[in-house]
Structures are given as C-alpha cells and as structure tokens.
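There are structures below to look over.
Presented sequentially are two complexes of chain A, the first with chain B as partner and the second with chain C.
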Partner chain A sequence: MSMREYKPKDNVQARAYYTDRFYVAPQLSKLSPNSDEIYNLDVIKLKENFEILDAYIQKDELVIYINSFDNLKILKFLRDDLTYGFLMEMSAVDFLAKRDGFEIFYEMLSQVKRKRIRVKTFLKKGLTIETVENLFRSANFAEREMFDMFGIQVNNHSFLKRIMMPDDWHGNPLLKTYPLQGDESAQWYEVDKIFGKDAREIIGPEIRDSARVDRYDTERFSRLGHEVSKGTDIYKSEPSNTAVQFQEKGGVFLIKNLNKPQKILTEKERRDR
Partner chain B sequence: MAQHQVKFGNGLPVALTTVDKIVNWGRSNSLWALTYGLACCGIEMMASGASRYDFDRFGTIFRASPRQAEVMVIAGTLTKKHAEFIRRLYDQMAEPKWVISMGSCANTGGMFNTYSIVQGADRVIPVDLYLPGCAPRPETLQYAVMMLQKKIRREPANRNRNIPQKRFI
Partner chain C sequence: MQQANRLRPFFENLAFDRQDNQMVINFGPQHPSSHGQLRLILHLDGEQVIKANPDIGYLHRGMEKMAENMIYNEFLPTTDRMDYIASSSNNYGFALAVEKLLGIEDKVPRRAKIIRTMLLELNRIVSHEFWLATHALDVGAMSVFLYAFREREWALDLIEDYCGARLTHSAIRIGGVPLDLPEGWTGNLANYLDKVEKAIKNDYEALLDENRIWKMRLENVGIIDKEMARSWATSGIMLRGSGYHWDLRKEMPYEIYSELDFDIPVTDKCDSYGRYKLYMEEMRQSIRILRQLIPLYYSSDSQLMANVPQYISAPKEQIMTQNYSLMQHFVLVTQGMRPPVGEVYVATESPKGELGFYINSQGDPYPYRLKIRTPSFFHTGILQDLLPGYQLADVVTIIGSTNIVFGEVDR
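Now for the complex of A and B:
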C-alpha cells in the first residue's frame, strides 16, 4: 500500500472543497436491465403500460426515466402491481445551470422482492409536478421540503408550505446559485425580524471569523483576572488585577473552605485506587 | 466593605452594603436555569443536571418555564428560525437574569458557517458568559456557573445601576 500524497494542511477549512459550484459528479457505469431477472420483468411490464424514456442498472439498482406528467400513474402501478410499496425518499437535484430544470427522483423499496427502484423524471424550470401524497403519506413532508429547498410547485398537495425555513424566508437554499453564507436578507434575517431594520447599524454585520477576539471589547469579552463591568472603556487604562474571591473565605454559615494539602501520588498508590 | 462605594446620597450606606451582600448571596446560590437544550450541547447540559454531576448542589435547578428561571443556558445551535423565540423567552424571564452561552455554536455559530445559523447568540440577546467547547463537558458548565456566581457577588444588588444600557441588545 502506498502512502497518501502529502498536501499542506494550513488553512484547509477556509478553502472551498468544490470550487465549481455547478460541478456534476461523473456517472458510474450503467448495465442493461436484462442483466437482472427481476428487474427485467419489471421493466417489460412497465414498458407495456407506460412510456419509459430510459432504463438501466447502476450499482445493482434499477433506474428508470419517465415523463414528469406520468409520475402518479407509474408510482401507483409500481406500488399495486409490482410490490414496490415503500417510498423511501424523494427530492430534487438542481440542474438549472446545464439543463434549465430539476431532476426529481423517487426511491422505492419492495420488501417482497427485496429490490429497490429509482424513478427519475426531468422537470423544466417553471413547470409543476403532481403530488404523490395520496399514494404515500411520507411524500407529504418530502414534497414540502422540495418546495422549500428548490421552489418546485407541487399540484394538489394538501398543505404546501415551507417546512424547514421560516415562512418569510427569501430564496431556496438548496439551489446551487444560493450562497452558502446566505444572501443579504438571510444574513440580516434575525436582526430584521426581532429588532427591525433600524438596528442593523447598531448590531453590525455578522462576524464570520469564529476565532476573533477583541481584547478591548468589554461588551463581549472579559479577561479572567482582569475583569471590569460590562461596557467599560479600557482603551486608555489597563484593568488592574481582580483578586480571586471565595464565598467561604469570609465565613458563611456552615460552609468551610476546604484546604486540603496537595499530594502527589506514587505509582503504587495510583494503581491501588 | 471596601469594594462597595459609600454613597451617602443613597440612604444608609452600612445597611445598603449588607443588603447587597445578602441579596447577592441568595441570588448566586439559587441560580435556576431555563432548560434550553437546542442541539448536542443540550445532552451535556442534561448530564450536568443529572446525578453524576449533580447541579442541585450549586442551587441550580432546571426549570421548564422562563418565569421561574434566572439563568438561561443556551446549549446548542441557534438557528435563525428560532432566534425570535429565544428573544421572546429571554424577555419573559424576570429580572435579574443572566445568560450563559454554551458551546461554540451558541458563541459564534461554531462550525455552522452557513446561511441558517445565527452567528453568535449575542446578536439576539445579551450574553454574560461564553463557554468554549464542542461540546463543553459538564465540568465546564459547572465552572461557568461558578464564574457566574462570582460575577453576581461582585455586582451591586440593583444590577443595572451605573451600567450603560445599549438600546437594542
């Protein structure tokens, strides 16, 4: 085994891991669906009833591409006739930059066949998709999340409302164009909401450097042993030493200062403990 | 008591220093904390309340209501969606009140340098003590409470006296 190549590690955290935010990972190799007996039968049955744009096996799992307006019918067929009775996961992937739309996927499990199918469909920007909430209750939250994170409208959903971000949030955070540290409204969100826009100047922008320490800032920092009350101006004079005080020193009722002499244990005593 | 300034304009000086002392003694030894576990740090906060670390011997009892609490231990990641509620709970606490910000997340946003996390709880409420660590161990929280007790004992009993107040925080 060879050693991993050495790379300098200073400032690793500050550097972005992916420099291209529209990077699309290369595809794994695809196999034809007739390399698996069960999947082959499924695909044949699906093709008899619906238009299947593409079907292949990737990493031992069948992937089928469908038209976005067929999603409800095909998922119903998969659930009732092909025993894929469990919608494990569904969401979308942002392909706005390269293909001007989203890829929506439904990950299904058949506990009878012990197989999984991924149903994918491409949705042009601005189009809407039909809800599958009536087939799978779990789709309710998943579709709300998709609406929240990507802004994809879902037709006939019973309660289409943001699920993670607050209702008055601007933008859809999982879009690849969304800045990691938030746009302007995100950066001032809590200040605007609690104190109003006027407070922006007083509170100031977010400090993104978490290691920042300002020793003259007595609002936020105090030095142990050199303490002053909050907000004192110490630019001109250094604060003098603050003596450590114990409550029990002066004598409080029933409380005694425990003044046990320190002792260093020998190796044997430490083992015996 | 030399550390208290004698002010004859304010009434009886001797009585006042004694009152300060008694009030602060009472306050500092019965810091009831608001249960405020927001993320993983909350687990350490609960551990400090449980029998092994036993916060009760400091007089710190966790209360589930802001009306009965005087110290708020912000233990965990404060999201922007939650910021208005932390402010509301803080406003509901009766004076005098103190805030301990526990863990990197509450101090500065910590590792969550992202759009949805408040970059330091002090953007929303005033914080008295910042407790570093991810997560700080229960001993650290105990130490923080002891530091807070010391701080309370040093303050005048009417704690807002002579302290300039900022308008927003």
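Now for the complex of A and C:
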C-alpha cells in the first residue's frame, strides 16, 4: 500500500506544486518613515501619544503597527488630528497557522495630505477587537464582513451579523483551514436545510462535473444512437441491438428524413455546391 | 420525501405581523429596480421609510477565496465578473496592483498605457450610459433607456472590435495589453465620440434636464451631506456629488492621466439630481480624454507588454523561436509568477468610485490574501442611513442614484 499524500491541515489553500529548495523570496523594501516629510510628522505625533510598535513605508504608503486595544483611540486621533478622515477599507489576514492569530488592517485616506496610511494590528486567536463604527460608519459593513469571513468578534458593534453568507452557515469561509469547495456542512447545506440530514444518503453528493453522462441512467440522459424508452431499467444488462433511430410510442415524430439514403457527391458536384 | 414543515422560509425572526402601524416589507432581491440582487428590509409607516436594512450576499461567489487558490494571471478573468458593466476597470485595478507588487509599473510600455486609458474611459462612458438608462427606466422615463442603450451598444461594438468580448473583456494583462488596436479603430472611435457627444446634449439632457417629472423625483431626494459621505467612505460621483473635490485620476494620478487635460465636475447639491448632472459632465470629460488619446496613440512605440522575463512571458515570436523564452513561458504558465513578500493597496478610480486591491504576498505564486475594496459595497451600506425619512417611491430613485452593481458588492 502506498502512503497517503501529506496535506497540511492548517492551510488547505492551493500551494505551489514545485518550489526550488534554495529559493528565497525577495522582500518589498521597507523605508524608514523619515524618508517622507508628511509621514515623518505623522509618526512623530503618533509616537508622542501612543505606543507604535513599528512604522515603515512600503510602496509609498505608511504602515504602522499598533496594539489591538488602542485601535479606537488611534483611529480617532488619525481622523481628528491628522486629517485621515476616510476609512476606505478594513479587514483581516489569517495567520492562525504561523502566529496563532489575525492581522487586522485599516486602510485610511487623507484627502488633505493626499496620503494613505495602513494601520495594522495583531489579534491573538480568541481575542476580540473594539468597533470603530462610531468613528467611521463604513466600518459597520466592513466589520460585519470581517466577522462573517473570519469569525472575529467585534465589540459594541451595532449589528454584528453575517453579511455575505446565510445566517445559519457553519464556518468562516476565508480561514485558511476552510477548503475552497466548502466543508462538509457547506456541501450538504441545501439538502440538510430542505430535506433534513436523513436525506443525504437518498439524494447523494452534488455532482460538479457538468459534462457527466451516465449511460445507464435512461431517466435523465438520452442514448444517442442506442435509444430505449425513458426510464427503461438497463442497469443489469445493456440491450445489445438497439435501433439507431428510436420513435417513442405516441411521441412527436421529429426527424423525418433520417433514413434518406446518403448520396456521395462527385468531385464536380462538390465544387458546384 | 419532502417534508412540508422544513420548507418554512427563514426570515431572521422578523415580525412581519405587527401590532403597531408599521409594516415590514422585503424590497428585492428579485425586484426589478433593486439593480441585481439587493434585498432591502424596509420598515414602513404608511409610505414613509422608518428603518432600512440592506441585506446582501445573494451574488456572493467568494472571489477573495478563489484568488487565494489561483495564480495571479489566472485570477484576472475573474475580476471581469465584479463590476460587469465596466469590466476593464476591474482588470486594470487588479493588473496595476500586481504590477506595483512586482515593481514593474514603470516598465509598462507607453502604447499599452494609452490603450488601457482608452479602454478605461470607454468603459466609463459605457457604465454611465448604463446607469442613465436603468436609472431613468426605474424613475419612469422609458425613452432615455432606448437612446442610452443605443450609444452603449456602439461602445460595446468598439470594445468587441478590440478584444472580441462585449461584457467580460479581460482586455488588460499584468504588464500591458495583449493586442494592438485593429485597423481603423481610432477612426471609428472618433466617429463614436462625435455621436455620443451629440446624444448627451440632444437626447439625454434634452429629455431629462428640464423634465418636470424627472426633476420632481430627483431633486432633494437622497441627500448625502458632507459628513455622511466622509463617514461612509463614499467615492466617485457619490463623493463629488457631496462637494468633495476628489478624483483619484487627478489627485493620485496613475497611468497617463497626469498628462491629460480634463476637469473634475463637482457639485455641492448633494441630491440625486446633482449627481445626475455629474454623470453627464463626466461622460463629456471622458470624451475629451479619449480625443486627446488618439494622437498620442499614433506617436507611441509598438511594444505592448513589459519586458520583464522574470514575471511576464516574452512576445509570441520570441517564445516560438527562443528556447529559453519558451522555458520561462512554460514556468510562468504552469507555476505562475512569484512576487516579493510584502503588501500593497492600490486604488483606482473606477466608474463607480474607488476600486482598491489589497494584496498580501508571502512570496508564493498564490496571493496569501487578496481584499477587494469595491465602491458599491459601501454605497449599499449607506442606504441604511440614507433611506429613513423618504417615501417608498424615493427608495427606487435613491438605489438608482447610488449606482450599485451587485457583482461588485458581493464579489
């Protein structure tokens, strides 16, 4: 018996089929914040008031790391004092396998300075984060999406409910442990909901191959060239000499001239056509 | 087999039978003016909206999850299906984000940049035409729909001539564009621009600008004040309709927009009518941009894809003749490019607003996390603050005015 292929359980996403043993991925360069005048002032002001774990510029955008319990205060400071008035986006990145937690990012925009800041924080698994919905209403939807996709609890959110997935969905789709095709409860979601779990065996798993043809299933597939009446049971023995044409009793006569002898064209006739 | 009691619909424990004077109705997801798959749970007092709760997710295909399981080039056609009214703008947003991540955004050839800008602006016109057609149809102006679709059809013909597709273009690649413009295309484009310019003035604006019903239904409806627009992170016309002078093409220019001469229309009227005027004006500006692009196209080199063999396949002739190019092409197609470790957030001004791609790369051929910031997502969220106080008939106007596309909201 051969060994079963090893698949890591903590990340079931697609991964490179082949990676060179000695390949070291290059890093995007991280510049110091004092390479940009505006960002430098922002970071100095932030560091006067809060604990900033890390600050660097990557691809022309300032990234600051903060403590997760500071998020509300720092975002308020950014909005009121540093003119970053727009929370364009916020979401999380799953680092459960490597670091046992999530990275949450807030993408802020200052129209006055024409600059963006990415505020990042690390949230240990099981911890919760405070909502920033009262500062930015856009977080109302964005935090709901994060809750839906990662299962991260957001404290004091006014309406923390699944947003994309159905309310009775099981699991959080954007976790690395969640397979692309869905887990077991996802695959049986409709069946369980409409017919009950007992019906799983009767209905059978969903067939995802759109080109599948079951030649013995005369209920749902026609057998072109070897036709039998609909619903004929041929699972045990396939009829050996079925007619090429099949006319159902009382059915509509569709192909009139199928049996018309085919004429072989001469070379001249073919050219004249 | 089927048990009747299991088919009871699931209504989130909403009390549809109420003792007070309020009524709860489901607006959508199959309502024709819900623009796709929007379900609004409306609490009504008479015909006045007391509370609105947008319920989305009926078109959720899990694109961010799909992106984590696809190599970068593989994901590009999927972005077509987001804002399917203007799919090139999604292709472009994604391609630019990956180019930034790879650090090759300056290596994209000039002709590719010009063709991309042409496509983006043509898509903007198509998207605005479509918005006008459906919005006017929702509000009750049938003939505008027919006129607007006529011009949209011509624009789609132009795009079809270029890339072969009408709706899902995939006409932009990471590192450039795959094709040059066909023979005579710019001439057709110039003719089209003349026609659409006339149509804006003689057809749409002539029918709508002073139309009593149109004005009554749009003026002072859907007022988004400055604070609400900021707080909800609106973008695009929703933002400029509230008096913010902000367009990423001007303020944080990408592609060749810094070389082009165009204006950003802004209004501080904050209502649906003001936004309608902005749409009309933006189409004119797009026409202006496209007219400037035609001579630029003829003064550019013929190279179409960036020459970065590490990430981008070589041109076809080279692949067919050079062994090493063939090998690199094979590796790029089967394994995919491996960008550096790092993260980027790249925002572009799509016809609907700020379309942003956040990519977190861990050095694998698959993105570790790809978050798509779509304008329509937040423009749907704003409905819960915007709708209360308006009449039920205004709901249709306001949904139309936000210009949401559900491929983009649910992703």
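We adopt the following convention: the second predicted complex is superposed on the first by the 187 of 273 C-alpha atoms of A that agree within 3 Å, B and C clash if a C-alpha of one lies under 4 Å from a C-alpha of the other, contacts with A are read in each partner's own complex, and residues count from 1 in each chain.
Assume a residue touches a chain if its C-beta (ideal position, glycine included) is under 8 Å from a C-beta of that chain, and two chains touch if they have at least 3 such contacts.
As the structure is a computational prediction, the values presented were derived from the model and not from experiment.
Contacts of A:202 after superposition: both chain B and chain C are touched. When the two complexes are overlaid on their common chain A, residue A:165 makes contact with chain B and with chain C alike. In the superposition on chain A, contact of A:130 is made with neither chain B nor chain C.
Residue contacts after overlaying the shared chain place A:36 against neither chain B nor chain C.
When the two structures are aligned on the shared chain, A:210 is found in touch with chain B, with no touch to chain C. Of the two partner chains placed by the overlay, chain B and chain C both lie in contact with A:193. When the two complexes are superposed, the chain touching more residues of chain A, out of chain B and chain C, is C. In the superposed pair of complexes, A:173 makes contact with chain B and with chain C alike. In the superposition on chain A, chain A positions 164-166, 173, 178, 180, 193-195, 199, 202 are in contact with chain B in one complex as well as with chain C in the other.
Residues 1-3, 6-7, 10, 12, 56-57, 60, 62, 64-66, 68-70, 100-101, 103, 228, 230-233, 235, 244, 246, 251-252, 334-336, 338, 340-345, 347, 354, 356, 358, 360, 362-366, 368-369, 371, 373, 377-378, 380-382, 384-385, 410 of chain C touch chain A in their complex. Only residues 25, 28, 80-81, 83-84, 87, 104, 107-110, 113-116, 118-120, 122-124, 127, 130, 149-151, 153-155, 162-164, 166-169 of chain B touch chain A when the two sit together in their complex. By the touch criterion stated above, chain A contacts chain C in their complex at residues 13-18, 23, 25-28, 58-59, 61, 63, 85-89, 91, 93-94, 105, 107, 109, 111, 114, 116, 118, 136-138, 140-142, 145, 149, 162-168, 173-174, 178, 180, 193-196, 199, 202. Residues 164-166, 173, 178-183, 186-187, 189-191, 193-195, 199, 202-203, 206-208, 210, 212, 219-221, 227, 229-231, 245, 247, 252 of chain A are the ones that touch chain B when the two sit in their complex.
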